[in-house]
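Chain IDs A, B, C and D follow the sequence of writing; residue 1 opens each chain.
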Amino acid sequence: MRVGVLGARGKVGVEVCRAVEAAPDTELVASVDAGDDIEELARAGAQVVVDFTHPDVVMDNLRFCIEHGIHAVVGTTGFDQARLDQLDEWLTGAPGVGVLIAPNFSIGAILMMRFAAQAAPFFESVEVIELHHPDKADAPSGTARRTAELIAAARREAGSAPMPDATSSGLDGARGADVDGVRVHGLRVRGLVAHQEVILGAAGETLTIRHDSLDRVSFTPGVLVGVRTIFTRPGVTVGLESLLDLD
Amino acid sequence: MRVGVLGARGKVGVEVCRAVEAAPDTELVASVDAGDDIEELARAGAQVVVDFTHPDVVMDNLRFCIEHGIHAVVGTTGFDQARLDQLDEWLTGAPGVGVLIAPNFSIGAILMMRFAAQAAPFFESVEVIELHHPDKADAPSGTARRTAELIAAARREAGSAPMPDATSSGLDGARGADVDGVRVHGLRVRGLVAHQEVILGAAGETLTIRHDSLDRVSFTPGVLVGVRTIFTRPGVTVGLESLLDLD
Amino acid sequence: MRVGVLGARGKVGVEVCRAVEAAPDTELVASVDAGDDIEELARAGAQVVVDFTHPDVVMDNLRFCIEHGIHAVVGTTGFDQARLDQLDEWLTGAPGVGVLIAPNFSIGAILMMRFAAQAAPFFESVEVIELHHPDKADAPSGTARRTAELIAAARREAGSAPMPDATSSGLDGARGADVDGVRVHGLRVRGLVAHQEVILGAAGETLTIRHDSLDRVSFTPGVLVGVRTIFTRPGVTVGLESLLDLD
Amino acid sequence: MRVGVLGARGKVGVEVCRAVEAAPDTELVASVDAGDDIEELARAGAQVVVDFTHPDVVMDNLRFCIEHGIHAVVGTTGFDQARLDQLDEWLTGAPGVGVLIAPNFSIGAILMMRFAAQAAPFFESVEVIELHHPDKADAPSGTARRTAELIAAARREAGSAPMPDATSSGLDGARGADVDGVRVHGLRVRGLVAHQEVILGAAGETLTIRHDSLDRVSFTPGVLVGVRTIFTRPGVTVGLESLLDLD
């Protein structure tokens, strides 16, 4: 598999290049960053491109890839429905090309969310704790909010009862934030990186699903899954989870 | 749903009776134990029977249920292939009747095993820790061995590489027991009940799935799932997991 | 050691009686509850009394003990400064008698609080998570508030800097409750009993101290420590920790 | 405080230099590595030297420091009794000089070991789990062995009973390694760095003390504690713990 990387000198891009070079079945044929000539991707014969760039440039990058019949695996943020519609339109003229738009390439995080949502209807209670370094600006984390939303949706669909909670007195904030009826707690502790725990409980037992992300390189196995499989999925695919074979 | 309980005065049976009485959609119509007349199940119009008795009597119990068209949810142990074949034979004469043989009714434990096996091929390393009270006779626990076997099978099927381990010196036993190539560690600590953790790791991240069973009543939600769904599965079903809707 | 129990038929009292009978060096000589004659304690020759009764009756119980030269180990709640002063006054007339007033007899909980406070000045960040069954009325738990206050006091005394927290956007409650500048998070999950975790973090490392209380009997070892040592401490002693030999 | 660093270009030394420069009360006045002139330490007026070098050169380094009245904080390994005796002899000629020999500068690890040993006599059971990346050569880790030895010593001194363990059948290695009667379990999982957990249990409760070291910089706060306090301790001090104010 001949791979090009866009954003190749960014923090994430550097790790992607290293992983593509290290894997036995992928070859790094072009490393492009701001100021470089994007035509290099075509000249080098890239079959798939990995893009970790910036919302301002990613659409131009993808138009180029689609026009040149190159599949794309995209970790850049900022995709709304209008952008996805635009990609759909461009792809009508390139029916074999696949574009993966993934907000999260950590397979561990994806499995945590999936397992939590699958298990949620079988338990009376579910709560989410996310733990991060104290330089993080938002609380709760985006992953924790997304997890809570998936849990809430799974319980709605299953007709689960509201969770029990007899709290009648206490301090503001003690019970965390409410995301669609799921309590989410955010810790900020020096020394931590990015961690999340989902605790599910029924009479006499609990099930805990925890994800610890200790290093940026945790994204690279998921990127490689995308690189290896996106050519089997023409059109736009949102979320790496649909490329994992989980059933 | 009219429910009878066999082994109704045993430790587990008492909890089953309580749960059947407490649930809004099940009614306890017969409680039978050693010395009682099993005909009571039929007289009371039981539609499904829960059996937590003894390997010596469970086959007679099941013949009675099958002959009377009563579904059965069985937690009694000691089923080998010969016994399952015998049940199949009896059930040919009662085509609508379902019998669930389940070694484990804890939904948390079942999900832990399933999720661990599903996730195992996506990670380089997987190890199992089980933690129990110090009065337990076997180490590792049966659940931990079963979990390790399921993990090993999933990795074999996916063609996963052997797990990395550079250990070249140390003390006997430090790396735990080897179950099909999966390391299993057993702790025995006063104050614990029954706990298990599966740790899966890839570059930069880990996923941990933990089950804590703190009270015998953790079996009752799974028994109720069996009671409510076994009538949809004529014949013998082994394992509660196939009655959970997980896909 | 000849021991009497007041509140002997209450949930806690029953366990205390059992523990006193089981220990090799203590003997249960009197079990007294509401409606029984408290004089029985003196008639039976009790040397020390354990009181788990009610705020309305505990002061009368203690006056009786002090007048009869019996040491007391008290788990009953409701002691304010006025009550402690009253005990001091009564004890001036009984100089050899010791009275232990302890809000918490769990040695695990006491060590958790002590270790957390000792370690707190060595770390940039400290947060507290408490996890309980969902029938609990207050959030955060009293133990979590007390732990946070002890941490805050230790940091004040050491001149620790405020903890780092760059949170600038998010949902109400996501960062928990603020107790003296220490963040405290309360989870309510079916299947849990009473659990608490203190997470301390500095550059590149975290230290976590966790206490799991799974059964009411966790109080009994601490009660026995009180029974065995209170005779060495004439006067009023508040808190079991000062009877533990920790330095 | 004017600080010199020996081994300044090694992995650890680089982090030490960075930390000394970043702290408000310390100043980096000399960075010396193999091939540099050690006299630079004296010329620059270093008051204390941090040595992370090699067993082959550390004794020469320390003789130089002692002769020049410079305090030393040493993380280099390989100190046996003969070397400590040699240092004592040299220090008789430099009565004000302090030398700290510390095998571990992680305050989190030191507190974990201390708390575990302090708590051990109050619990029936204690076991140790250490979790590391799979490139580690020894199992269990040196820290885990040391922790188990400290736990065993504390229990011996307190006259604790042997730990309960009813295991009568099972697989080799399932119960871990035996270090002085304390069970130690070693996990090797990709994605982990260096982690350890001590689980202590009594009837109805457990206390867990866990240390997670996620980054080499976790050593620097402990080095700075040494730099700031060694001048108050003339002679040889072994172990950072005696410089922490913990009572």
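Everything that follows uses one rule, which is that a contact is a pair of C-beta atoms (placed from the backbone, for glycine too) under 8 Å apart; a residue touches a chain by one contact, two chains touch by 3 or more.
To keep track of the chains, here are their UniProt names: A, B, C, D = 4-hydroxy-tetrahydrodipicolinate reductase.
Computed from a prediction, not measured in an experiment: that's the story for all the values here.
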{"item": "Labels of chains that are neighbours to chain B and to chain C", "value": "A, D"}
{"item": "Reference chain D; chain at largest CA-centroid distance", "value": "B"}
{"item": "Comparison of A-C and C-D (more C-beta pairs in contact)", "value": "A-C"}
{"item": "Euclidean distance of C-alpha centroids - chain A vs chain C, Å", "value": "45"}
{"item": "Where chain A and chain B are represented by their mean Cα positions, the distance between them in whole Å", "value": "34"}
{"item": "Chain C and chain D, separation of their C-alpha mean positions in angstrom", "value": "34"}
{"item": "Residue numbers of chain B (touch at least two other chains)", "value": "123, 191-192, 200, 202-206, 212, 214-215, 218"}
{"item": "Touching residues (chain side chain D, partner chain A) in the complex", "value": "191-193, 212, 214-215, 218"}
{"item": "Chain A-touching residues of chain C, taken from the complex the two chains share", "value": "123-127, 129, 131, 134-140, 163-179, 183-192, 199-206"}
{"item": "Residue ranges of chain B touching chain A (in the complex, touch as defined)", "value": "106-109, 111-112, 115, 118-119, 122-123, 200, 202-221, 244, 246-247"}
